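Heads up, the next two complexes both have subunit A, just with different partners, subunit B and then subunit C.
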Partner chain A sequence: MNAMIEQFVQTLAAGLTAGSLYGLTCVGLAMIFGIMRVINFAQGDFMMVGMYLAVWIAARLGGVHVFGAAAPFIAAILVAPVLFMAGSLLHRLLISRTTGLRAVGLSGEGHQAQLILTLGVALILQNGALILMGSSPVSIVSKLSSRAWEIPLLIDEDSTLFLNQARTISALVSIGVAFLLFRLIRQTGIGKSLRAAADNPEAATYVGIDVTRAHRIAFGLGAAIAGVAGALMVLSTPAQPFVGTDFIIIMYAGVVLGGIGSITGAFWGGMVIGVVQQLSTLVLPLQLQNAMVFLVFVLILLFRPQGLFGRTVERA
Partner chain B sequence: MSITRRNLTKLAAASTVVASSSARAQQPAEVVFGLISPLSGPWAKSGDLSRKGAEMAVADINKAGGIKALGGAKVRLAVGDCGDSPEKSKNAAQRLLADEPNLVGGAGAYVSSFTLAVTEVTERAGVPWFTLSYSDAITSRGFHYVYQTSPTADAQAKAALPTLLALAKAATGRDAKKLGIVMDNTASPVSFTKGLRAGGAEALGMQIVVDETFTPPLSDAGPVMQRVRAARPDVLLLLPTAVPDIKLTLEKMNEIGLGHGKLPAINNGGPMGSPDLLRVVGPDMLEGVMFITATWGLKGMEALTEEFRRRTGEPWITQDSLSNYAHMWILKAAVEAAGSTDREKVNAAIKVMDDPEIAKFFPGGRVKFDEQGHRVGASLVIAQWQNGVPVTVFPIDRAVAQPIWPGR
Partner chain C sequence: MLRLDQISVSYGGLRALSDVSLDVRAGELSAVVGPNGAGKSTLFKAISGTVPLQAGHIMFQGDDLHEIPAHRRAHMGIAHVPEGRRVFASLSVLENLEMGAATDAGRAGRVRSFERIFTLFPILAERRAQMAGTLSGGQQQMLAIGRALASCPKLLMLDEPSMGLSPVMADTIFDAIHQLRREGDITILLVEQRVTDALAQCDRATVLESGRVVLEGLASELSAARLRQAYLGV
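Presenting the complex of A and B:
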């Protein structure tokens, strides 16, 4: 019985840490989808770029002893402005041509063009990484990845909860970044303009909001968050050019699960996926871990088609 | 001259002499050997290591005077990239044959499913082909031009566990009784462990106390390794095939106090000894981890290993490099024996070959092939990560280090 309790607590902890990171990736996607209504196929590849950038930055910070074990997390934060600028530039040069007010005249409100464009960006990023970085996986080798905080469970002498230090810190940073983003959207002028642009771009224009700029900020923020999430993941998942494809389905599942258009919902959608993915191993063979995620996904959509948070709670 | 039987006989004799002297005069300036290897995609590093081994062999052959039976003709290596799929592998083989009509023989293509595709093409063209791939299917199709220098997956599975148990006993003085299995559900681990579950482990006096199979990629190794910790096996067959999963499982083992050889973990396949893995995982994680492979840096080939390091910059010689180094030398020996670049003659020479010198590149057996194309007596190597380097610990007569088996 004690062994079962230990296994449950350990699995739940693994689900919460994985879920926090999934949640952050989903928030990045929801920023772009919720505000701009753009289905961004390149989101997983922004994550991949974040991973490579973090490895590069951490290698340079690693030489400076003052940063020590914190180097990977500082690198993750430094990835954000780089990807924000890259995302904004990408929006200015390409994405803006198929979105916002420019999309009014396009067939299907520009959605087909957006799909093809973001798919093209994804392919360019993947193959560009293959040319520049090669196919060998790279990672940040940190002692934190193989160290745990051991918390006695007090049910017997042996039972211990192992909290992997790298994953736990990554999860806390993810929650922190997601929280800051929520504050930005709810309590700042930029957030207000983002919400207005999301709710009704035309009406927002009438009241003097620069919708294109709002979209540019949203796209930059979405890319930056994906980059930070990737940078936090690279401690446990090595970077390789096609790593983004492993996560893109989870991102979309999280966004739909949380409620399309809801950024808070996207975070909780990712969290649910992480927890279900891990807890399912207690009752089902390990091989069905991901199948269980999509079973829960289907069940939630069956009984609550608008997702966990829907549009009624929050829109952007 | 009237056409009589006598005149025809004279003409035939004369033309034979002319053809013979013409053949001597037209001995090939170069002899083309082929290599098909994954030089792009997820297996690119292994493909690159294969290429480096084959290139070094060709350079050594040419430095030693080329093919002496053909007047010192030099060998040229033609390389094809089989990418990341059987389809691309088949195309690479077709392209290589089209570009190199004088191809004498070749080697490749690392991943078993790629080798199966490549050899469908080379067999039809009658090109003798060598491979280090493990799949039993490669040499069970009744082909006549395909040769497998590694022990097959089935043979490895049968030989591995008794070997490991013997190694454990030699190192610790006691028998290992409890076996753990953690693997992904890809073809190689599935075939490797099939026999163990079907009574193989029991027959060796071992009980499987934990048996976990996952679909890659693994999102968190915690729950899996926690079960290993609870079951406390004496030996763990740790068989993930993807680098991210290897990293996660090893990190978790260290985290819960089972790393550094405390719980002996054994993988099968050369990728576990890849220099790339060291870069991603770090030496601490890998310390004590063992893997089974067809050949590795063996005692008696220190000079070759050192030369390989010097020429390629790689930190050590791997199975990929070493096997393909040997494959080129086998092809060279066959061309020498045949005295010709004719594929049929070269293939006939391979079929009767029994070369003790080239056999030294492998841990056991001979460079002699049975009717199906298996290398006779092919056996396995067990290597172990010690101080950031994977070193051979079995077979004992070719080992370069003692195994670490500290127990718990």
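Presenting the complex of A and C:
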């Protein structure tokens, strides 16, 4: 019995740490969708870019003694401004041509064009990475990856929860980044103008908001979040050019589960996926863990079609 | 204060406005009336810059608006309350007003303008924390007007503010417009279907039909009969 409890707690902890990272990736996607109404197929590939970039930065920092074990996490934070700028630039050059007030006259409000465009960006990033980085996986070797904190479970003498240090710190950083982002969106002037631009781009223009700029910020933030999530992920999942496609499905599932348009919801959606995925390994073979995720996905949406945090506020 | 000089606007080859000229004088209330599809909303969008001009010029306080992007025009003092209200549904009433007050003039005059808004529409003060999307249609219209006033505009453009409202609620809105006109510091351009109400209030009216000005003049000179004639084309 105690052994079972121990295993359950252990698996739950693994689910929560994985879920925090998934949650952050979902937040990135939800950010872009929530503000711009653009489904970004390249989101997983932004993550992949973040992974490679983190490996590169961490290798530079790792040599410097003062950073020591913190190097991968410092790298993850440094990835953010780089991807923010890359994302904003991509928006300026390409994405903005199919979105915002410009899209008003286009067929389907530009959605087809956006879809093809972001798919194209995804393919370019994947194949670009293949050319530049080759197909063999790379990752960050950190001594934290092979160390665990041991937390005694008070049920008996020798039951212990092992928390992998690298994964646990990654999870905490994810939660921190997501929290900062929620604060930004909820409480700051920039956040409010992003939400206003999302609610109604035309009316936002009439109160003096530069909607194109708001979208550029949202796209940059979305890319930055994907990059940071990738950088944290690369401590446990090796980077390879097509790694993004493994995650994009999870991201979509998380965003839909959390409630389309809700950025907070997306985090919890990702969290649910992480937890379900891990817990399912207790009762099902490993290969079926994603099947379980989608079973729970369908069940939740059956009872709450608007998702966990779906807005019930009417949209103009 | 605002002068439109022979402007034309097209939507993908279809003319919505042809050679429209209009002169709006400071401190006046000007009305634009006309049947559905006449191009009234398009005229407002052209002034706000959300549809491009095909020909002509728009001058606002001596500046040609041609090179000025739409979102900058709000900062110059043009406030547009669009047709169908369009409040920011997921923001609270107060946050909606704050978004309006984000212009330079709005920031500076914030205390006075909020006082004015809440005096004009006390319900907004009561509901300040409520999500705008959950307000009734009439309350949303008040909020949309309040949001525009929060920017401390020089020109206020109201596109069919009584649309879809009960007669009582529409009267409330008209009273508010009347009040604003009396205070006199804001020039108002009004599009209205309730022609009689609009005409009773305005200084000057323009009748638009199929994208052209068919009649214009001082409200006092435009008899209901002439207006009806222009309107119905008989």
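Following the convention adopted for this analysis, the second predicted complex is superposed on the first by the 312 of 316 C-alpha atoms of A that agree within 3 Å, B and C clash if a C-alpha of one lies under 4 Å from a C-alpha of the other, contacts with A are read in each partner's own complex, and residues count from 1 in each chain.
Here is the rule we use: contacts are C-beta pairs under 8 Å (C-beta built on N, C-alpha and C of every residue); 3 or more make two chains touch, one makes a residue touch a chain.
Computed from a predicted structure; not experimentally measured.
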Would you sort A:R195 into first (subunit B), second (subunit C), both or neither based on which partner it touches? second
Partner chain(s) touched by A:P285 [first = subunit B, second = subunit C, both, neither]: first
Considering only the touch criterion stated at the top, classify A:N164 as touching first (subunit B), second (subunit C), both, or neither. first
Identify the partner contact of A:I209: answer first if only subunit B is touched, second if only subunit C is, both if each is, neither if none is. second
For A:Q277, using the defined touch cut-off, is the partner it touches subunit B, subunit C, both, or neither? Pick first, second, both or neither. first
In the overlaid three-chain picture, which partner chain does A:S20 touch, first (subunit B) or second (subunit C), both, or neither? neither
Would you mind checking which one, subunit B or subunit C, touches more residues on subunit A? B
Using the touch definition from the top, say if A:Q114 reaches subunit B (first), subunit C (second), both or neither. neither
Can you pull the subunit A residues that subunit B and subunit C both touch? none
In the complex, subunit B residues that touch subunit A: 40-42, 44-45, 185, 212-215, 217, 219-220, 222-224, 226-227, 230, 243-244, 247-248, 250-252, 254-256, 259, 276, 279-282, 284-285
Per the touch rule, the subunit A residues reaching subunit B in their complex are 3, 6-7, 10-11, 13-15, 17-18, 130, 134-139, 141, 143, 145-148, 162, 164, 167, 236-238, 240, 246, 274, 277-278, 281-282, 285-287, 289-290
Applying the document's contact rule, which stretches of subunit C touch subunit A when the two form their complex? 11-12, 48-50, 69-72, 74-75, 79-82, 84-91, 95, 98-100, 102-103, 131, 133-134, 144, 147-148, 151
Going by the contact rule set out above, which residues of subunit A touch subunit C in the complex? 101, 105, 189, 192-193, 195-196, 198-200, 202-211, 311, 313-316
